[in-house]
Amino acid sequence: MRTIRFLLQKEFRQIFRNRAILLLIGVMPVMQLLILPLAANYEVKNINLSVVDHDHSGFSQKLISKVTSSGYFKLSGYSASFKEELMAIESDRSDLILEIPQGFERGLIREDQQQLFIAVNAINGVKANLGGAYLTSIIRDFNEEIRMEMVPSYRFNEAPVIEITSSNWYNPLMEYQFYMVPGILAILVTMIGGFLSALNIVKEKEFGTIEQINVTPIKKHHFILGKLIPFWILGNVVFSLGLLVAWLVYHIVPAGSLLVLYGFSSVYLLAILGFGLLISTFCDTQQQAMFIMFFFMMVFILMGGLFTSIDSMPEWAKLLSAFNPVSYLIEVMRMVILKGSGWKDILPQLGIIALFAVVLNTYAIINYKKTN
Amino acid sequence: MKQFINFVRKEFAHVMRDRKTLLILFGMPVAQILIFGFALTNELKNSKLIVFDQAKDPASQEIIARIEASRYFEVERNLSNAAQLESVFKEGKIKMALVFPAGFNASLLHGHHAQIQVIADASDPNAANMLTNYVSAIIQDYQRSLSKSSLSPYRIIPEVRMLYNPQLKGAHNFVPGVMALVLMLVCVMMTAISIVKEKETGTMEILLVSPFKPILVIISKTIPYLILSLLNVGSILLLSVFVLDLPVNGSVLLLFAESMLFISTCLTLGIFISVKTSSQQVAMLISLMGMLLPTILFSGFMFPIENMPYLLQLFSNIVPAKWFYIIVKSIMIKGLGFSAIWKETLILVAITAVLLIISLKSFKIRLA
Amino acid sequence: MKETVIKTDQLSKRFGSFIAVDAISFEVQKGEIFGFLGANGAGKTTAMRMLCGLSVPSSGTAAIAGFDIYKKTEEIKRNIGYMSQKFSLYEDLTVLENISFFAGIYGLSNSAIKEKSEALITRLGLQKEVKKLVGELPLGWKQKLSFSVAVLHEPKIVFLDEPTGGVDPVTRRQFWDLIYEASEKGITVFVTTHYMDEAEYCDRISIMVDGRISALDSPSALKTQFKAATMDEVFYELARGAKRGD
């Protein structure tokens, strides 16, 4: 036990001596947490809409004003030339074109049926999908209004009606930030812990100090523990800072218990630090360690369910994400912070992460060779 | 010139010797393309939905069957009482619940009016929105099938055309994004680290006392990464054409020329970081934590920039990846020519020049 | 009455087809200053790393302080000190922090750590530099400090890998004073060097050529054997036949 005390003392001295790193560890996550959730806004609003109106009728005016007053669309262009508006799409000034054909109003009354043309810039699939859907649903509403206007008896028809009442739980105001902040915090904690631990042992290799350690009778698990504990503490500090920012800036108060949150993050940190240390024992230079860590980080983050849903992935990818520690943290953070899930609910995730922690750290201890 | 080639050769030897890093450098774009191309989708599919059916009559069964048949939902199980709802949501897997009141069919047939309650897990507001829309559409379909009357009068039929990307594939959006990301990473991080490493180990001084101009020392360090990056551009394009079926609609030559420009921007950014820092770890953390997430976010390939607060929109203008992303999108997908992207090109040139001037200035100060 | 602290028999290390150390056998007695000479690439460092338990031999046997080199590496480590060719104390820790860290790792008690570090600092005349980062010290002091740290826990044997590389003659002299002091306390000193004047300070020396030991005796005996006036000549005579080098 005394050995560990000396190791810890040494690690902490080194950490506190390196002001630049310390500053980065403290400031960077806070900064990112302040900025990123504002930027990571997936709400689709302010869709730029160009209208090509060949009709100039009462109906076309009504439709346009209905669309623009919906709140989703911003009228960015209005002309009688489709070609002109297509140019606007090419230069990204516009996302969507609504074309109203000539004789729209007259045709609708005479022929009982008319077409409207919608062209969507579909490079960004989500936006295109949602934009198109919003516009068609507004047109449907408009259609109903026309019917009621033209056929007074339509209102009293006897068709059965199913009324759908929808409620949005856990985030009734539909604040996207509530969803993103816990996820981004999860990633920041992962990155800090993962990179610092991955770089640590390999730095001793690069500087040669590990030789001096290896000729001492120090126990391998003591050495690994001596590396693990300081970063574990740092990780929890970053985590707390993040929760503080979430509370002060975004007014996100965990619905669940802090104990559950910290319980999970503590075990999670052990796992991710173990992974970092394992990489560190494999590599010869810091550059190498960083790139390998980076590779895994990237896969972990992209497939961790921060930006896209894991449910929607193909089966093989779902299987892969079962081995992705980050996906568990993001999931649990959102569960506990937004829904107030308790121990019972997160038990499966906790078990898996604990298993990760044990396996990775054991592997790191085995793979750290004092003799080669 | 001969000296210069010698230097470049030495740098190449460094890069080629480190097999592990090299593997990652080439593996990264491949992995990213595969992940984005096949694993990630912005669509919502197979969302787990739970039913609390108090009616258990033909109408509710029919609606559940229709939902089950759609690819958007996976109907998980039937609840037996309302109290279970809360705990089921808290377990985290269920995204939506559907509650049928008792006597649903009866009230629909005789009262011409019935209610369904839809509860969405709105922790993810977007998903909640989309899922609610999907479910509503399915229910409305069912409702329409009930009405015996034929077509409604005065029908307006919207005809939607998806430009550039008719199948709404994610690839159109992310291939340009991945290119920006990978180039950014390889160039900024690798140059920053490899220069700082020479500073840290003291070999930089040896190079600087050589009769060789310091600026050439720096440039020769960047050449291997320039070539590696161009290879990466090539491999990304090959993958996207042959694996993802995403052709290059514009000029390939122009695309490579613009890539060269962006690579130069990134290399100067790497030099800039290396001039300003003195330890590998700091350089790494800055180029990684400082560059990675902002590049993903502010290039606009994940999140629409126009949704951001005004200040951040302004900030996005100094993120080189944003301009490169626009350029690649224009050339590759829209098939536009140089006349459409000269502005973005000019901005990249300007950013590069500014970075280069600042780095050279501080580099000289250090030497003096 | 002599006590053997290092004993090797046919000790070898191969890296693939390259035989770095080729069946070396020798013994070192307690309290001896044993010089381990050889040209660059002769296999000195590899041999020393095996003896310290940093590297596993390919074949042959050896016992350090009576412990088997294969099975008892951790016991060996408790009984040896090691100073590597590359400076390997923590440059971002102060002099005192380095001393107490390594003392602590070797399990010295707090009072012993305090007492020993004070003695060490006084002996080296580092009183003013105690709070300085080790990275800021001149090379000579760094070397003296790492030697002192290597013998702080009073090991039976201390292994020194080119301890005086790159330092000035005065500092080298001071360094050898430290070695003699350690030797007088009964610590066996195993040292590699390139300086032939330093070879003369040793009780016995071995000269490695191409992974083998080609000569082993006291400096004066070797000079007689090779009919040479200085150790330089002896070394040159032997090393001339070397097939590898760098």
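Each chain carries a letter (A, B and C) given by its place in the written order, and its residues are counted from 1.
Here is the rule we go by: a residue touches a chain if its C-beta (ideal position, glycine included) is under 8 Å from a C-beta of that chain, and two chains touch if they have at least 3 such contacts.
In UniProt terms, the chains line up like this: A, B = ABC-2 type transport system permease protein; C = ABC-2 type transport system ATP-binding protein.
For clarity, every value in this text was computed on a predicted model and none was experimentally measured.
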How many steps does it take, at the fewest, to get from subunit B to subunit C if each step moves to a chain that touches the one before? 2
Greatest contact count: chains A-B
So what's the Cα centroid distance for subunit A and subunit C, whole Å? 56
Centroid of subunit A to centroid of subunit B, CA atoms only: how many Å? 11
Multi-partner residues of subunit A (at least 2 other chains): 18
Touching two or more other chains - residues of subunit C: none
Residues touching two or more other chains, restricted to subunit B: which are they? none
Sort out for me which residues of subunit C touch subunit A in the complex. 52-56, 73-75, 77-78, 80-82, 84, 86-93, 97, 100-102, 104-107, 133, 146
Would you tell me which residues of subunit B are touching subunit A in their complex? 18, 20-21, 24-25, 27-28, 31-32, 35-36, 38-48, 74, 87, 89-92, 95, 108-109, 112-130, 132-133, 135-136, 139-140, 142-143, 146-149, 152-166, 168-170, 172-173, 185, 189-190, 193-194, 197, 277, 279-282, 284-286, 288-290, 293, 297-298, 302-304, 306-309, 312, 326, 329-330, 333-334, 336, 340
Of all residues in subunit A, those that touch subunit B in their complex: 18, 20-21, 24, 28, 32, 35-36, 38-46, 48, 89-92, 108-109, 112-130, 132-133, 135-136, 139, 142-143, 146-147, 150-151, 154, 157-172, 174-176, 178-179, 187, 191-192, 195, 199, 203, 283, 285-288, 290-292, 294-295, 298-299, 302-303, 307-309, 311-314, 316-317, 320, 331-332, 334-335, 338-342, 345
With touch defined as at the start, can you tell me which subunit A residues reach subunit C in the complex? 2-3, 5-7, 9-10, 13-14, 17-18, 207-218, 370-372
